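Just below sit the structures, each encoded as structure tokens.
There are two complexes below, and they share chain A, which is joined by chain B in the first and by chain C in the second.
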Partner chain A sequence: MDSDDDFISNMSSEEDMLPDDSDNDMSNYEDYGFDDEPDAYSDSQKETGHGKKVAYDFSFKVYQPSDIQKQQDDLINEVNMILDISKEEAAILLRYFRWNKERLIEDYMDRPGQVLDAAGLSQSAAGPPKIQVIPGFVCDICCEDEPGLESFALKCGHRYCVDCYRHYLSQKIREEGEAARIQCPSEGCTLIIDARSLDLLVPQDLTDRYHELLHRTYVEDKETLKWCPAPDCQNAVECAVKKKDLDRVVPTVSCLCGHRFCFGCILNDHQPAPCELVKKWLKKCADDSETANWISANTKECPKCNSTIEKNGGCNHMTCRKCKHEFCWMCMGLWSEHGTSWYNCNRYEEKSGMEARDAQARSRVSLERYLHYYNRYANHEQSARLDKDIFHKTEKKMVQLQKESGMSWIEVQYLNSASQALQTCRQTLMWTYAFAFYLARNNLTEIFEDNQKDLEMAVEALSEMFERPITELADPKLKVEIMDKTTYCNKRRVILLEDTAQNLAEGKWTFNVEFSGSAANGGPSTRR
Partner chain B sequence: MSTQFAAKRLSKELSKISSSLPPGIELVSADNFEEWLLDIRVLDNNPLYQNQTYRLKFRFGSSYPIEPPEVVFVKLPDRPIPMHPHIYSNGIICLDLLGQQGWSPVQNVESVCMSLQSMLTGNSKNERPPGDEEFVRGNRLRPKDIEFYYHDNDV
Partner chain C sequence: MASQKRIAKELTECTSSPPTGVTVFLPKDSDLHRWHAILDGPENTVYQGGKFGLVISLPTDYPFKAPTITFATRIYHPNITNDSLGNICLGLLKPENWKPSTRLLSVLEAVRALLVEPLPDDPLEARIADEYRSDRKEFEKTARNYVQRYAKGPPKFDSSENSSTAHEGDDKKGGSGSGTGGS
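And then the complex of A and B:
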């Protein structure tokens, strides 16, 4: 899209959102040095200048696998001591109560029988179940009845042969990924198989998998804990931001592995756009809604057979290729009825025609507006990828640079930080466009767009320097420039995020879509 | 190993149902341990299903009976698909005991047939599941890969 188009779509989006102002959109772009904006602008700068605690930052903690294990063990031991039940039972109860220790203890004190039943723990006081050989036993699963058949039953007494039990458990663990809630194989029996019984029945490799799955349920059951979604990362992140807060904050967290993601929706960092808008945006980009918009903006349907027709030139006398129906493109009426007014439809001003034209114009404006934001969003996404590619090449060149210029490893690290800055800033820029697409126009959007523009200009300048050939990179003057620009980019990003996050927290943004922050009705489902 | 496991169990089931089956259930064919056909009839005088026989197709995976079999109604000139709010017009059955969660390895071909018989007997609604047409048109999945949401247990 060239600059002309930019201007048109900016203008049209304004018309779209704020009809009252449409008479002087030009001024919005040219006179912002004269009205009250500069104050607001420098205000936002000042705020970020001294405020140490930035509004878009959240307290979070990263836990490694050993920390997670320890937390579970501590809870199990505590319940084991307080309630005087075995550790296996304490673990099952805790899992049943989603690791809410207080509620477990309270409920158990009130009505232990019901709690044990509900959690799938029977109350019989007999010792732990063991593998037995029972004369005359027939397994109900495999129908085997040979003498000496080893069998096993939980406290419920539903007895099956060890082989069938093994099959059953390996199916549950390996294929279905179950662990904390594996029930007795008998139909309708809700008794849960505890870790000790399981260890008795299955081979070592399966026990390991079982314990790994169990260990995972701890994180999955707790609302304040989430796995880092990076491949092969085993850490979990704890953050107190709740689902209902997601309309006010964008809780970006970063794992020890370096991956930055949103605690609300697990997607990659999408500041400044809130989760709900991100979801809407991604859906919009993925689905056909804009195709439909294009069709309604550029085509009409044959009044007889409803074939979709795009008029790419020529006169108003249309003959449908499919059904040979002849009609007027302007009024969509029969061509034969045009009488003597050939090639000059005099029904153009009729009301129905006007309405159709208006509807089409609206579709066009809406499509152009979407494309304006989408193109910029996609462009930053792609550029971030390209910057990454270039960095991989530069990494090699950094070694070369060390040799050629005699700089040390430490001294060429500025390229690394420049690349990091480029990528984070582009990620942010990308989402500013999705965010802006949903913003209703007002004074705040002006400030937002200025911030966006400043960051974008800084990023493009840095990106350009970064692409220079290695011989130029060795120039110490350019090095200083790159370092300065890197710092500047990061600072612009902080300013932008600070401003948007603060307005979001205070509920100052007006959106042109329904925005409740109730991401709850479509929250991430916990499917395996 | 597991195929053997399934074959052993199926041969035992087959020898049992070849000799006797409850009324209203008939074995049509069981030539291998992969696919069996059975016919069922509703025995009481529920007007929805009177004088009708329905064909059931069982398909067994290698981990049967740990995993449930795939059970569907089959349409033939003289074998319609029974009308039921949990049975789609392409024969796919939405029944929790045929899903991984509701299945128990203690169940078998006979008990599944009996459950389906009683599911039909107890029904008085002459209707298909909501969204039947759309589902039947769009579905390319095997029944075991469909995520059914068992929402009402009264029918």
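And then the complex of A and C:
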């Protein structure tokens, strides 16, 4: 990184996602004391408004297509000036050196001939190639020889008719998605087609695609850059977190398009679980789906009258339509036992859960343990999806609500915030269960479970309020309650993530699987 | 279609001055995009004395897309599938390597070169490649056996005929005493 100050001042951060920065008060947490560490963590730590460092935060920056273009142009111009070669050639050299300008200049100064050859550039001083009509020319690809046939050759002199050249280029670009390494069509010739020659030969739509592909290679060639995986998003994210850091940090970034993803593995936000455990977990879920497919999470039987009940909202408070029995979707236990003060649905407690849960799994403790976590994981995954549906429906209701209550569009936005909070928090909750599955008990797991419980309780409460009928939503008192609960959910999520990330960074967790960041594996240097 | 002229020219080249040990012809009722060739097993190789049928298919986009070549005759070789498909792995024909100026003459030469010198590091048949590296004697024995069994006499190009002859070679080790089984 050239300048930390510059880098940090420009960056977006996780906090931008929170509705109100003042809620994000981390000042009761200690300074984690990374200052004396000269590795990636020290410069990726972020100052919050309170001057405290947030362990799970780190710097990243989102680039839009124009930024990405500018970075390339700047590098190309620089090399063009320093080495006194054309811009097209500078671009080809830079791509060959994967945009490592310093190495390119050094190598070129040492042995220019070899570098040009290897990168697929000609050493001839001939002028820029152009389309020509040459008497007696026979195209070696199509074997046409009609008089007046237009032809083209790169500096290597391998000449083909313009039609063949076009056909060749369009196939490479359109069908093979190739751009940076398109060679002369001649067998054995390694000369690379430059952008200027391409512009001469093919129509605009193809050159656009070509530049788009070049764009891709620029991002793909750099370890610190990754494309936002959201469909149709053209942005790239820069982050300094390296592969080797992934056992200590979950580098979650958020794109300008709103998509949040893990820079380490490109999957959707999976905090607090580290990439390695996420990979293990997803593999396990895929492997075990056969044995465990009875958990098809969408329908369950009422524990009282056995009629089939389909879950149709994000809330876990179920009421059987037939017998009016009220129960919890997750543990199948009585809802009345899930009072606000006593809530045991997040923890695996064999005694209380056993009776209500399905008998099929009882004989297999390890499967049951897995299913316990899997059910909760799958439940939140599904609820997050349903909450999204509900939001789309609510959006219509928001319009109605405006008409009936006289509230403005701005004034009904609190529902939007609540919906977003529900999804974000469920996403986090979902991964807390995968994380917990691999967690071996130590003195920290209880705090983790308490945090998980607090967040889960808040989310279920918010989810329930969120699903109330439109007439109730018009009540200003409920509006305040929803807004408060939304804020509270976001706050609990931050606290949970903060706590988990801090322990991860310090290597304090122990896991029941092999994990490179585990405290059991000798522990990290940061422990003091 | 521009490619017709090129294909016609190449066919003339290949039939009038073919590469060593290869005979190229257009099968009955075929269009210009499907050729047959007979490849003589190169001398001083385990394939010597064999006659191998090759099917050459030229895609509509030829020469911008690479041709495909398959062995119609069973052959025991690390880079050719040991089945009735006879698929062949040739670097030259991979999309990222193919150049529209490449001629079928050089493709056929490359196929022949592969019989002279197999490339066990880029195999289609991993087991045969292993054997080629670690037990050359056994490899040669089986390969010769295959020649005796499949590659004698004029090659058959009909795929149904080919698969019926392929049947008896289904034991992967091939040629390890045909009568010892359950009879």
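Following the convention adopted for this analysis, the second predicted complex is superposed on the first by the 381 of 528 C-alpha atoms of A that agree within 3 Å, B and C clash if a C-alpha of one lies under 4 Å from a C-alpha of the other, contacts with A are read in each partner's own complex, and residues count from 1 in each chain.
In this text, a contact is a pair of C-beta atoms (placed from the backbone, for glycine too) under 8 Å apart; a residue touches a chain by one contact, two chains touch by 3 or more.
Since the structure is predicted, the reported quantities are computational estimates derived from the model, not experimental observations.
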{"item": "Fit or clash - chain C, chain B, common chain A", "value": "clash"}
{"item": "First (chain B), second (chain C), both or neither touched by A:Pro185", "value": "both"}
{"item": "Touching partner for A:Gly120 - first (chain B), second (chain C), both, neither", "value": "neither"}
{"item": "Which of chain B and chain C A:Gln171 touches, first, second, both or neither", "value": "both"}
{"item": "Contacts of A:Pro251 with chain B and chain C, given as first, second, both or neither", "value": "neither"}
{"item": "Contacts on chain A seen with chain B and repeated with chain C across the two complexes", "value": "140-144, 160, 163-164, 167-168, 171, 176, 185-188"}
{"item": "Residues on chain A engaged by chain B in the complex (per definition of touch)", "value": "140-144, 160, 163-164, 167-168, 171, 175-176, 185-188"}
{"item": "Interfacial residue positions of chain B with respect to chain A in the complex", "value": "2, 5, 8-9, 12-13, 63, 65-67, 97, 100, 104-107"}
{"item": "Of all residues in chain C, those that touch chain A in their complex", "value": "2-3, 5-6, 9, 61, 63-65, 95-96, 99-103, 106"}
{"item": "Chain C contact footprint on chain A (complex, rising order)", "value": "140-144, 158, 160, 163-164, 167-168, 171, 176, 178, 183, 185-189"}
